[in-house]
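Below, each structure is written out as structure tokens.
Each of the next two complexes has subunit A plus one other chain: subunit B in the first, subunit C in the second.
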Partner chain A sequence: MLGVIFFYFFAALAVVAAVAMVVTRNLVHAALFMAGTFLLIAFLYILMGADYVGAVQILVYVGAISILFVFGIMLTKRDRIEDSNRFNRYGVAATIVAVLLFAGIVLAVLGAAFRTVPSDASTSTIQTIANLFLNEYVLAFEFAGILLLAALVGAIVIGQTHLGKARAKPRAPGAGIEGGKA
Partner chain B sequence: MTEFLTTVFNLIQGILGVAPTTLALALPWMDIFWAFVYFVGAVILLIINVIMLIWIERRAAGFFQERVGPNRVGPFGLLQTVNDTIKLLGKEWIMPASADRMVFLIAPLLVVTVAVTMYGLLPYGPGITPVTLNVGILFFLAVSSTNTIAVLMAGWGSNNKYSLLGGMRTVAQIISYEIPMALSIIGIVMLSGSLDLGEIARSQSHVWYVFIQPVAFVIFTISALAELTKSPFDMTEAEQEFVAGYHTEYSGIRFTLFFMGEYANLFSMAALGVVLFFGGASGPWLPPWMWFIGKTYVFILFLLWIRWTFLRIRVDKMMKFNWKFLIPVALANLLVTGVGIKLWQHFVERSI
Partner chain C sequence: MIGLTHYLILAALLFSIGLLGAIAKRNAISVFMGIELMLNSVNINFVAFNHFLHPQFLAGQAFAIFVIVVAAAEVSVGLAIILALYRRRANTGVDELDLLKW
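For the complex of A and B:
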């Protein structure tokens, strides 16, 4: 009973935060609303007994939001941050896409045959997840790890070559007017 | 004294345990009632802790620097913090005219909210863990990482370049040092076979993990100092570089909230260290919760000792130290721990 009340409370707040994220003109506010949405969805996971998923949701997305926040500040080259979110001007197109997506999801949900599983909150979910990861889905798990490692190494290499080029070609005085000579 | 405190605690527990049933409250209301009780308990603990910790820190700083410290107000200067708090509450609230209003106002509240949530997860002793979670340690780290958002909000909302730079630097620091901290904790989790904080504390009944995992303890202590932004990692408050970092523009009760959050986090981080490395609430003679608080305060004194002994290191060296030294060492420690556990299982446990 209490769970149901909390579910609707958090779900309603999550929807409000998500809408606010899209509607707001301020990029920083949008990032904060996004963090709020993720947090509220994590609460929903915990409410459903999936406490591992909830904790990971907070752990991963909140860190990501902080990074997003920093990038939002650093990459915004407009003078007024209040007007920095320029992607919410296409109201009609966005409405059409949103309605189509929502209809698609509704159709999919209505068509799906859900199994009712007895809730078993007392047992630990981590052991089950760990067993699945390291037995049945070990290949996918390892591939994801290698992919992330490759991305990490790639990012470092790209960063380093930029640094190397900058050091290899010191801009001597007058080097910028080569084109002018020709 | 000890018996008196235990009696009082039992009395409170008895009253609280009886009250809801005698009032014939329905089951959901009882949950809400207990949640409220734990919340009030956490807030009271937080406030008492903060007052004590500030006094301890100032006296300890005096001791380490061979001076006296605050000793005038009340016995041993104990009432100094109370006085300071009243002074801070009486100060004017100032908000910069160009501040981002809502972000500026919400940030200090968020800091305290995070601190209270973390207090709710700690196992103070058998039967007095407010929230027992299967994934306690993971949730603890997750909640503590939300602090970065509050710091960024404060830095951004102030609309001041020093605040923003301080906030950005804090985020870089906290996010970086979360990695070695998590890696040092994974070794403990592998040994205890559980993510539940109470279970980790109980599994140390034979030997404390600080003796099995000394490298992890050193890494944990260093990254805890960095997470708390305490010297030698107090980049956020490097006065010579940017005034007071992200809370430059805050005054009055809003500044007090940031201050409270900082000391509350000091306690919960030290308590986490006690749970992971010093056997949690176990100990002879005294009731468990007193052991827990006592050990935590000893660990806090240890952290303060480091804090007031070492100088602040440069920001780029701090990052280099983390990425090029601390994380590789933590990974190597993890490898050794894993191999060690397997060898132990193979040779020792099978022969017994």
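For the complex of A and C:
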């Protein structure tokens, strides 16, 4: 079964990349591991027959959000990039909480009885999703557009340089290159 | 055969890893990465339930796309907030950003 091999391959790689994202001490490496995790999750979507969601995942997460994170890392200076992604003092407690949460979810999933139905994952999903968006979920669709517009305006307003009077330090003339944030 | 349970357990594992990154990291950008991973694992759940329980009606996939839209908006505003904070405090550690803590 090719699907079984693909699932375990992508799932194992995604988990390894996610763990590496959390434990690495270099923030840029963490961003790249995050992009890798998103790409592998997109492959898993396509494996489930959700080709449009997989394409959107690659476009939005791998293409846009990861690059935005890299920009955010590059625009905030820090002492040493090799030591920029440390755990805080709750590392052990957070690990215990995460393991307990995982165990709880696994117990709940294994105890549940789902009535799965067989499906043919051969047809494209784009037409069905487009019909859903423009008929049944048209209100949510429009609100998503308004939300994106509001987020765009909000990001520009929050990210501009002359917001308020207090600053960390007065900027020397000719040094304000980092003013225009995307 | 790969069933619904496999995908749900994978999503739970990724969610736990994202939770660990969100609550145990010192840098605000790293905390954001953990939150993004948690949103992604929830999307895996949506698509998996859609694929295995109701393959004809694609509501789960439409919902996953809405989650992606909200996550994109959240990341753009959140990174702008982090940049504005960095410009004022020259710091992106979440432990130092305790202005609202009494």
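Basically, the second predicted complex is superposed on the first by the 133 of 182 C-alpha atoms of A that agree within 3 Å, B and C clash if a C-alpha of one lies under 4 Å from a C-alpha of the other, contacts with A are read in each partner's own complex, and residues count from 1 in each chain.
By definition in this document, a residue touches a chain if its C-beta (ideal position, glycine included) is under 8 Å from a C-beta of that chain, and two chains touch if they have at least 3 such contacts.
Everything numeric here is computed off the predicted structure, so don't read it as measured data.
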item	value
Which superposed partner A:A14 touches (first subunit B, second subunit C, both, neither)	second
Which superposed partner A:A94 touches (first subunit B, second subunit C, both, neither)	second
Touched partner set for A:I105, first subunit B, second subunit C, both or neither	second
Partner chain(s) touched by A:A35 [first = subunit B, second = subunit C, both, neither]	first
In the superposition, subunit B vs subunit C on subunit A residues touched	C
First, second, both or neither for A:I67, with subunit B first and subunit C second	first
Subunit B versus subunit C as contact partner of A:L44, first or second or both or neither	second
Touched partner set for A:A55, first subunit B, second subunit C, both or neither	first
Contacts of A:G154 with subunit B and subunit C, given as first, second, both or neither	second
Subunit C-contacting residues of subunit A that also contact subunit B	1, 52, 56, 65, 69, 73, 125
Residues of subunit A defined as touching subunit B within the complex	1-2, 28-29, 32, 35, 39, 51-52, 54-56, 58-59, 62-63, 65-67, 69-70, 73, 124-126
Complex contact set, residues of subunit B against subunit A	27-28, 31-32, 100, 103, 133-135, 138-139, 141-143, 145-146, 148-149, 152-153, 156, 164, 168, 171, 175, 178, 195
Residue numbers on subunit A that touch subunit C, as the complex places them	1, 3-4, 7, 11, 14-15, 18-19, 21-22, 27, 30-31, 34, 37-38, 41, 44-45, 48-50, 52-53, 56-57, 60-61, 64-65, 68-69, 71-73, 75-76, 78, 84-88, 90-91, 94-95, 97-99, 101-102, 105-106, 109-110, 114-117, 119-121, 125, 128-129, 132-133, 137, 140, 144, 147-148, 150-152, 154-156, 158-159, 161, 163, 166-169, 181
Footprint of subunit A on subunit C - complex, ascending	1-10, 12-21, 23-27, 29-30, 32-34, 36-37, 40, 43-44, 47-48, 50-55, 58-59, 61-62, 64-66, 68-77, 79-84, 86-90, 92, 94-95
